[in-house]
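Each of the next two complexes has chain A plus one more chain, namely chain B in the first and chain C in the second.
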Partner chain A sequence: MAERPEDLNLPNAVITRIIKEALPDGVNVSKEARSAISRAASVFVLYATSCANNFAMKGKRKTLNAGDVLSAMEEMEFQRFVPLLKDSLEAYKKGQKGKKEASEQKRKEKDKKTDSEDNDKSREEENEEEEERMEEEETKEGENEEEEAEN
Partner chain B sequence: MAAVVAAPAVPAESELDRSGTEEDPREAVSEEEGCPQQQAGAPSSASHNRLAKLPLARIKALMKADPDVTLASQDSVFAIAKATELFVETIAKDALVYAQQGKRKTLQRKDLDNAIDAIDEFAFLEGTLD
Partner chain C sequence: MAGSDEGGKMLDFADSRQVSLPISRVKLIMKSSPDVNNINQDALFLTAKATELFVQYLAAYSYKKGSGRESKCLTYHDLARSPEECDTFQFLADILPKKILARDYFKLLEEKEKEDEGDGEETDDSD
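Right, the complex of A and B next:
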């Protein structure tokens, strides 16, 4: 598991895809350039987070919110990101709401059918599944990156 | 190298529609495609997750590396993920200008360095990529 921020890289495959989609066809990207961009992206996350956190602290809040991130973008002179981010956030929030309602529905249905014991069991299982999935993701990504490093 | 699959998302997310997004030429950025990565539970709501290409779990882990950060809302993690995607696109395009000046079709590390030196917004990257 990653312990230092330097170890936390974003998945190379995704970075590559984002780069390729941004550039015209026929343009290639060297491995060094790709890896530098990936590192730059990690630095960006750290810097943007720190910036956003300043806004949260100014507002005497302990929880970073999306508004803080938008303020950070302006501060970092990436204002042109803001309208796109706002749109994406809208869509994301709607999606989250839908998911929440869906899983609440599921739970209600379960309550109706089974008794409390079975309920707890299935909820535990759900949680375990979620954790497993996340763990799997992380280890798999870790493995992938190791492979890439060797290459 | 080919062993590294295009999407880092785990097979557990198999219900979600991958729909071979890599090859499709696209004008607008992202929107409703790409692998949803992470996102806890709710396998039924496949369509809701397709807004961020970068894994939110990883982004969140990076954010938490900052000792001053206590808590971050899910929206904020998503916003940072999205902003990072935009950043990657931006820097790639800006670096491309230098490659083209050098009459090359392959983006190289030096093109990136040039872009970082020349463009104010990338000043925060100076000295961080070595």
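Right, the complex of A and C next:
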């Protein structure tokens, strides 16, 4: 699917909400202003990506990581963002870890259930498990491909 | 509680682990950058988050410095001024051009043409 220019824009509704959160109550934002901020945001992403990529290349890495993005912020003179970004990242990582553990926990519980319930029910769940397992295998395959590609 | 401050101060987010901007869209923009190979999940999150902070900062700063304050409205003009008011926004200069009345633009064009013609004819008289 070809990229259309609109696809490189960020959704208007979200941008508008973020702008409103930053301004005092009752302040309006002209359509032109909102559109301009949206464009500026896209340019910001590109600028940040380019900057971060320089750091990754310096480190001889092909994958941009969190450190690269934070270094880019400093480079772009947005060091004011860094403390909050670091905190957010920690919270985000904890959240991700929690999700992973929760889904692993679910699977363990399912395993216990299939042992002690009717055949019909266990058949249903087995199908679900199989699907999950297949998904896992797919992701694992995906990872292997990536590794090969990097090599 | 999300708080809003005068532009320039740090702005809080209600839930800092969340990000409102769609990560997939941010990824699309990042991937359109030349020479970029892969982007790890944390980097994606950080970029999306940083972009939100940027939007807030740009909006608050422009409003604070701008003339729209009287009318309680953030205008394009407020934003177009930000690159000259603040070095950090210099990279936006090209995409936030200032607007000029057509008649003033034509005047400028005329004056420029006169200058160019003048250069051809005049000689430098300085001794």
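In the analysis below, the second predicted complex is superposed on the first by the 100 of 151 C-alpha atoms of A that agree within 3 Å, B and C clash if a C-alpha of one lies under 4 Å from a C-alpha of the other, contacts with A are read in each partner's own complex, and residues count from 1 in each chain.
The working rule: a contact is a pair of C-beta atoms (placed from the backbone, for glycine too) under 8 Å apart; a residue touches a chain by one contact, two chains touch by 3 or more.
Being a predicted model, the structure only gives us computed values, none of them experimental.
*Asks:* Tell me which partner A:Asn53 touches in the superposition: chain B (first), chain C (second), both or neither.
*Replies:* both
*Asks:* Considering only touches as defined above, state whether A:Ser103 meets chain B (first), chain C (second), both or neither.
*Replies:* After superposing on A, A:Ser103 lies in contact with chain B but is clear of chain C.
*Asks:* Let me test your reading of the model: by the given contact rule, A:Leu10 touches which partner, first (chain B), second (chain C), both or neither?
*Replies:* both
*Asks:* So in the superposed three-chain picture, is A:Ala66 touching just chain B, just chain C, both, or none of them (first/second/both/neither)?
*Replies:* both
*Asks:* Could you let me know whether more residues of chain A are touched by chain B or by chain C?
*Replies:* The partner that reaches more residues of chain A in the superposed model: B.
*Asks:* Does the superposition put A:Glu32 against chain B (first), chain C (second), both, or neither?
*Replies:* both
*Asks:* For chain A, give the residues common to its interface with chain B and its interface with chain C.
*Replies:* 8, 10-11, 14-15, 17-19, 21-23, 26-30, 32-33, 36-37, 39-50, 52-53, 57, 62-66, 68-70, 73, 76-78, 81, 84-85, 88-89, 91-96
*Asks:* Once bound in the complex, which stretches of chain C touch chain A?
*Replies:* For chain C paired with chain A, touching residues are 2, 4, 7, 10-11, 13, 16-17, 19-22, 25-26, 28-30, 32-33, 35-43, 45-47, 49-60, 62-63, 72-76, 78-80, 87-88, 91-92, 95-96.
*Asks:* Any idea which chain A residues touch chain C in the complex?
*Replies:* Result: residues 3, 7-8, 10-11, 14-15, 17-19, 21-24, 26-30, 32-33, 36-37, 39-50, 52-53, 57, 62-66, 68-70, 73, 76-78, 80-81, 83-85, 87-89, 91-96, 146 of chain A touch chain C.
*Asks:* Quick one: in the complex, what on chain B touches chain A?
*Replies:* The touching residues are 1, 3-10, 12-13, 22, 25-26, 29-31, 34, 37-38, 40-42, 44-45, 47-49, 51-55, 57-59, 61-63, 65-66, 68-76, 78-80, 82-93, 95-96, 99, 105-109, 111-112, 116, 120-122, 124-125, 128-129.
*Asks:* Going by the contact rule set out above, which residues of chain A touch chain B in the complex?
*Replies:* Against chain B, the touching part of chain A is residues 2, 4-5, 8, 10-15, 17-23, 25-30, 32-33, 36-37, 39-50, 52-53, 57, 62-66, 68-70, 73, 76-78, 81, 84-85, 88-89, 91-96, 98-99, 102-103, 106, 126, 129-130, 132-134, 136-138, 140-141, 144, 147-148, 151.
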